[in-house]
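As written, the chains take the letters A, B and C, and residue 1 is the first residue of each chain.
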């Protein structure tokens, strides 16, 4: 296999891992710093991807409209799509937060599962919304015409990495701020934090909303990378579970851990693909399930033997504390 | 002497609450432990009962070293413990609570059940009622009854009068005396120092995790310092 | 509408079996078992294996009982599967959850571990049987009986109701009359006090998993008999299970029974207005409503 082929493959891996890293950064704010147990990531993944799709594609007309239904089609540029995705996810997170943030952690978890499932069901069943199970295709890619299509992924990787780094820096700033300290206090001991007069609900809501906006951006990045989306992409497995494994592996409560976890687990995921290529033909059809089984077992091992993940939580969070 | 606490040092995580505490309980005695909040009185009971491992020292029951044994083992050796809070099974009936007290007995314990009902007649009346619906005083009776089902040699009581209306407080202490009359040694930790010392054969004053005074109940009642510091209320 | 109600009761009784197990485990271990739905899946597939595998090799007759859609093989497979899945739940507890409990891991870590377990179970089913829909008895016509009041119900479904009633009654007697049953209730009330009283809480935990797993397996098998089997069937039950348990007050077995029936009926009746695929969303909405309006459930006191 020639070098440029290998390089191209690695670049595509890096893009996906980078997109997942964005999700991990968002989850880290919710879980790592605030202790919110959000198992509904797939819901924000879905909304983010669909929002940008509806914003950046034109509404089908003429013959095309017979095959594809969309509720809106604004045909606006990529950047509007990304920002729109973040905004809509933020709004949805806000609406979801109102009834659920007061709940106990494990109740919050089941509520988030329900929300993600409901979102997916709506996109799957309401054909007029976004073409139902067939999904949407032909999403535009930013800076498309700049290079030879074979080399486009280098550009997209750059875009993804830039966005990832910007989110990382913003998140780091936020965590070291007084706002961030309150979040950590809530995670450590909610009762004491409440007693010191902070409006716990407001802080949790802010954490939920910002984390979800980041996830929306991740969803949008995914949509423009694959150029086509459909509801069955956003399952609990690919859309939620794997992100949790990534964050737990890398180190929850640590933004570097979030990024490291995304790249490591995605690397392992791709690695298992090569392993299962060695399987006899009869088992090949079951390869994805075997791979996910391994990831599931990996999570259990991490939870038992190294729940802090590779990097563990950041010890020194504020330059004012010792 | 049936229970001997030797030089116990114990605490939670890094901090030691008790420092080299000594205590003796003789057969059939009531031993009262009083002292300010945070003195370590409850911690001492928990250490005796194996809910806490001491860092140093020994707990000896009838010449047997039971230091550090788990509660499940200690309860089989003849010590029963009544915690201060959460000391009943609220969704179960009075009768069922007592049955749970007798869980490890392999014999026919109905005779013992009758004895407990004789001690607390109102419980017999309401034995099919769920304990969660009972008043504080009745719940305390159920809590003590549960612990007594095993015919313990030593009964550990953690603040039995806590949260009870004043009228019920003297009633509870009456019942504790009655229990003692049947031959059970009682170690009682109490905020209500007056009542606790009145019925005590022997009293210990604990402060800051150390034993500061150790005398008969009557002597402590007459002690000026004790009177000033602990009997004011 | 009457038909929807009747089928809602049938579906609801299946949900109840899962919800009772879920609520028992929560009541005693304070642990939200996200793998409980997949224990139902495991039960259904273990029965499938027994019916098509060992019982076939053993030469057990395959004919069906009268108007029912199953025969001796399934009758024997049911208890076998219940024991097997009880053991499966216990195995996960020993290997994963118990270790985390002893370490003092928080509520969330335990819940995450059960989420991992649910995926592991589901992947195993997919590896062994694939993603196709399966039937215990493919191609069998199952006509409905016509009963008075315009009620239409299949003989299988009558049996489901009878079986659920039987299992619930047995469980009730077990919890009320037997020593271990009372020990389980005591441990659910107050685990520390149970230990202080000398109750072997480890044994209680073992029984809890065996019973919870067994009921889940029964639920999965009954659903498989009534509808079909597929690898995601249990996960689709997860929201209704939690909704039922929360509605009936978490930890309360009888509440879970009632909750299951309510959720089942609500889901079926909703199909008069919504697409059937929205059924989990209906359960979810009810759960959110309960958590907002009366989080302690129908049978909860004013304490939390």
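By our rule, contacts are C-beta pairs under 8 Å (C-beta built on N, C-alpha and C of every residue); 3 or more make two chains touch, one makes a residue touch a chain.
Just so we're clear, the structure is a prediction, and the values are computed from it rather than from any experiment.
On a Cα centroid basis, the chain most remote from chain C in this structure is B. Central chain assignment: C. Criterion: smallest distance from chain C-alpha mean to the mean of all protein C-alpha atoms. Between chain B and chain C the centroid-to-centroid distance comes to 43 Å (mean Cα coordinates, whole Å).
Per-chain CA centroids place chain A at a distance of 32 Å from chain C.
Note: centroid distance chain A to chain B, computed from Cα atoms, is 56 Å.
Contact of a single residue of chain C with at least two other chains is seen at no position. Taken in their complex, chain B has these residues touching chain C: 49, 51, 71-72, 75-76, 81, 83, 86-92, 96, 99-101, 103-104, 132, 146, 150. Listed in rising order, the residues of chain C touching chain A in the complex are 32, 34, 95-96, 99-100, 103, 105, 107-109, 111-113, 115-117, 119-120, 123-124, 126-127, 130, 235, 238-239, 242, 246, 275, 277-278, 280-281, 283-284, 287-288, 291-292, 295. Every residue of chain A that touches chain C in the complex is listed here, in rising order: 35, 37, 39, 99-100, 103-107, 109-111, 113-115, 117-118, 121, 124-125, 236-237, 241, 244, 248, 285-286, 289-290, 292-293, 295-297, 299-300, 303-304, 307.
Partner chain B is touched in their complex by these residues of chain C: 179, 182-183, 185-186, 188-190, 192-200, 301.
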